[in-house]
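In the two complexes that follow, chain A is the common piece, with chain B as its partner first and chain C second.
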Partner chain A sequence: MNSSSTQYLNSKRMDVYDTMHPFSMWGDFKGNLYQDAAATMILEVDAKLDNQSEDTSHTTNIPFNQYDQEATKPVNKVLRRLAQNREAARKSRLRKKAYVQQLEASRLKLHHLEQELEQTRAQCALMSGGVNASHLRFPKPAKSGIAAFEIEYEQWVEEQDKKTNALKAALHSSLSDEEIDKLITDNMNHYAILFNIKAAAAKADVFYLISGVWKTSTERLFLWIGGFRPSDLLKVLVPQLQYNLLDQQSHDLYNLTQACQQAEDSLSQGMEKLQQTLSEAVACSQALGGGRYEMHNAMEKLEELVRLVIQADFVRHETLQQTLRYLTTRQSAQGLISLGEYFQRLRDLSSAWATRPCEPTA
Partner chain B sequence: MEKIQALTSENGVVIFTKSTCCLCYAVTVLFQELRVNPVAYEIDQDPEGWEIEKALLKQGCSSPPVPAVFIGGKLVGSTNEVMSLHLSGSLIPLLKPYQSLS
Partner chain C sequence: MQQAIPYKSWSLPLSNNHATGVTPKLTTESAVGALKDAVSENAVIVLAPRGCCMSHVVKRLLNGHGVNPMMFEFDEINESEILKQIESIMTEIDGTDKRRVQFPAVFIGGRMLGGLDQVMESHITGDLIPLLKQAGALWL
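For the complex of A and B:
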């Protein structure tokens, strides 16, 4: 029959139909669609009536309403239930489809993120070796030396903050001078460790150390030959103590400040000299009787840089030790606390600056 | 070694250097700042410089043995010793006899 075959076809495109027709469709278990249950009944009843009318003529007098009330009640229930099941199944299929689409999208995103991460890692590996073309061509085993330094330095900073805080607590408590002395010695030993790990890093990759990438940004502002200026050390310490110093102490610290500045200036000039000789070696001017450019000459100059950086660290360490020589126990403790807090604050300042809310571009 | 002996006894402040050594330059600059005019002897410019280098190493200088600082004929040491002495205030007293008046 035409109507039932077209309705069967319609049932296959049910999903499309559903989006277009807000009212739910009745359907029987055979998959045939009927717009209206009553209309269905009319068709079937008509068929039955037709059949019956063929058999007996006297049965055409059966009232339609009575037939409808009795025979269609249980059928109605069944049809309703089947329709509801069908509806639930349809909704379930739609939910599943949506979920699968979400999964697919997440999978794609994950793939992109993994790619991005790989790229960033590769970039960091290049950057930590310095912007140095030869690093790309001759990967150095020294990289592990720098990797070790980065870990050790991070641990050193954490430990240093703890020791500074311990010293601060001790100074404000009722500990004896001997006990405070022990903490001071501990603190100084810790500084010695810093200069040891820096020396190893200088030998592994002096350019890494001298670039200051291992320091926070504000600390890097004050960078001088791979670290802080020895004179800065005194500039931080002495003003904190100046009202509590005896004349002799003031005199001694003044002399130390002078000597420190002179030592620092001589190393600065050493650095200038190194840059000049390196530049001359690379430029290799015939006019100066330089002859042909020999890379190994330039390389020799770079060896000098390692010595210079280690020398600068020596002066830093020596300045710190000499300063404490002139101070009492409590003054020494206060000095080390001031120094520790100074660098702590510089580091915090770097973080704060990096995470400050950006102004919207006009 | 005779050469070292001769130089260091004839001159109050002698620094054995190499022309390529930037720390030698730094020490020389420091002494000049302290109003001392050291004799800077470049051993790499001397054809027999390697002998001086050997002798310096024998005297206890670590490699490289430059700068090697002699004050009043006595070996003081290298850059570390000079810096250490200066920061502890002990260098100027050593240099006093050789400081210029200006």
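For the complex of A and C:
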């Protein structure tokens, strides 16, 4: 019984070890202690059991008091209680271990979050120049470029929602076409700003932009080369307007849809080609023993990635501008409102999904 | 209906030397002549460094119009020479054209349309098709 219970104990402990990989050092240290302590306790108890079974007297000269006060009780009851106690003690130790591990994990996470927060605060302070940053680590240029983008983009989204609402109000009021035109120009200038800050971000860290982490999760579903698909623009706009279009406009927009799709496809193929040549450049360096010179080729490919992303933004911008050239003032206003609302709804959908009530886990 | 121009990759003769590891000296007359002829003889020609992915984008875009452009690919080492030659060609055609040459450089009907930006823009605005027809690259 002793060996089997000990083995069971060991395997149980191994399970617990498996779940705590990141904390293996701590786990090994503490776990071994527990193991040794527990093994020692078992040996002690077993030794005492042996002693008692050999002792024919009813005196309590053996220190069993911690388990059983009345030494006159039958031996099997004592044995059973001992076994139950062992089980309970073991379970209690495992529970404690699990709890402590959870605490450790939370502590590490808290530490990381605090570090991140400090870094972000430092970068903001450095940019606004309002803090003596001598005691803070100076951020790498790329990171500060991205930190700047994150702030600017957040502001852009807020502004964009305001402008969309302003345009909506204008369209439903009795403003003249000229005044609506001004709002349209304002809105288009705002889009130009978006593509400018995106270009800067692409040069700072193209992988950040391509990953889409700066977008909400629903928008990220539709991600294509660091942004929305140009063809999506027309897919959203045209159905909104289709009943009010003249034949010529329908014709022009149809041609634009085709051209936009072709441009998008050619960029997609460019991306495939880039991935292929990058892969070849990287694989080649392995075959030749990986000299630094070979990495230079791969690095050049990554420069092309920046160009590709900026080109994709160019197509997005160009498509939007060309669309409005085919539309009247009121149609343009309607189009921009639809577009603004569409992205607004995607963003709201993300939040709603993230905060939806989950079924409580058992 | 449409006559597609056969695809041919045209390298400068000196580019074969790069395998020996020696930086080749550009032989002037023949190279200049080759480039100039290529530009004037082809309705659509794309000049780009070898392995450039953006030239692939341009090629695909033109393919979408049913055009198979002549691809003139050069090695990086020769880039500055090629640039000079392009600029001399441009001055010959139109001395007032002071635009900076960007690769991939697209020539239609012997005149430089521009880089990828210009090609994309003219494609989306619909100006590309008439240009291609004018140059005889498209019949419809």
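By definition in this document, the second predicted complex is superposed on the first by the 211 of 362 C-alpha atoms of A that agree within 3 Å, B and C clash if a C-alpha of one lies under 4 Å from a C-alpha of the other, contacts with A are read in each partner's own complex, and residues count from 1 in each chain.
FYI, a contact is a pair of C-beta atoms (placed from the backbone, for glycine too) under 8 Å apart; a residue touches a chain by one contact, two chains touch by 3 or more.
Keep in mind that this is a model prediction, so the values were computed, not measured.
*Asks:* According to the stated criteria, A:315 is in contact with first (chain B), second (chain C), both, or neither; which is it?
*Replies:* both
*Asks:* Where does A:143 make contact in the superposed view: on chain B (first), on chain C (second), on both, or on neither?
*Replies:* In the superposed model, A:143 contacts neither chain B nor chain C.
*Asks:* Once the shared chain is lined up, is A:266 touching chain B (first), chain C (second), both, or neither of them?
*Replies:* both
*Asks:* If we overlay the two complexes on their shared chain A, which of chain B and chain C does A:220 touch? Say first, second, both or neither.
*Replies:* Touch partners of A:220: none, neither chain B nor chain C.
*Asks:* From the superposed pair, tell me which chain A residues show up as contacts to chain B and also as contacts to chain C.
*Replies:* After superposing on chain A, chain A residues 255-256, 259-260, 262-263, 265-267, 269-271, 273-274, 277, 301, 304, 307-308, 311, 314-315, 318-319, 322 contact both chain B and chain C.
*Asks:* Help me check something: in the complex, which residues belonging to chain A touch chain C?
*Replies:* It is residues 255-256, 259-260, 262-263, 265-267, 269-271, 273-274, 277, 301, 304, 307-308, 311, 314-315, 318-319, 322 of chain A that touch chain C.
*Asks:* Along chain B, where are the residues that touch chain A in the complex?
*Replies:* These residues of chain B touch chain A: 20-23, 25-27, 29-30, 33-34, 79-80, 83-84, 86-89, 91.
*Asks:* For chain C, which residues are in contact with chain A within the complex?
*Replies:* Within the complex, chain C touches chain A at residues 51-54, 56-58, 60-61, 64-65, 116-117, 120-121, 123-126.
*Asks:* Show me the residue ranges of chain A that touch chain B in the complex, using the header's touch definition.
*Replies:* 252, 255-256, 259-260, 262-263, 265-267, 269-271, 273-274, 277, 300-301, 304, 307-308, 311, 314-315, 318-319, 322, 325
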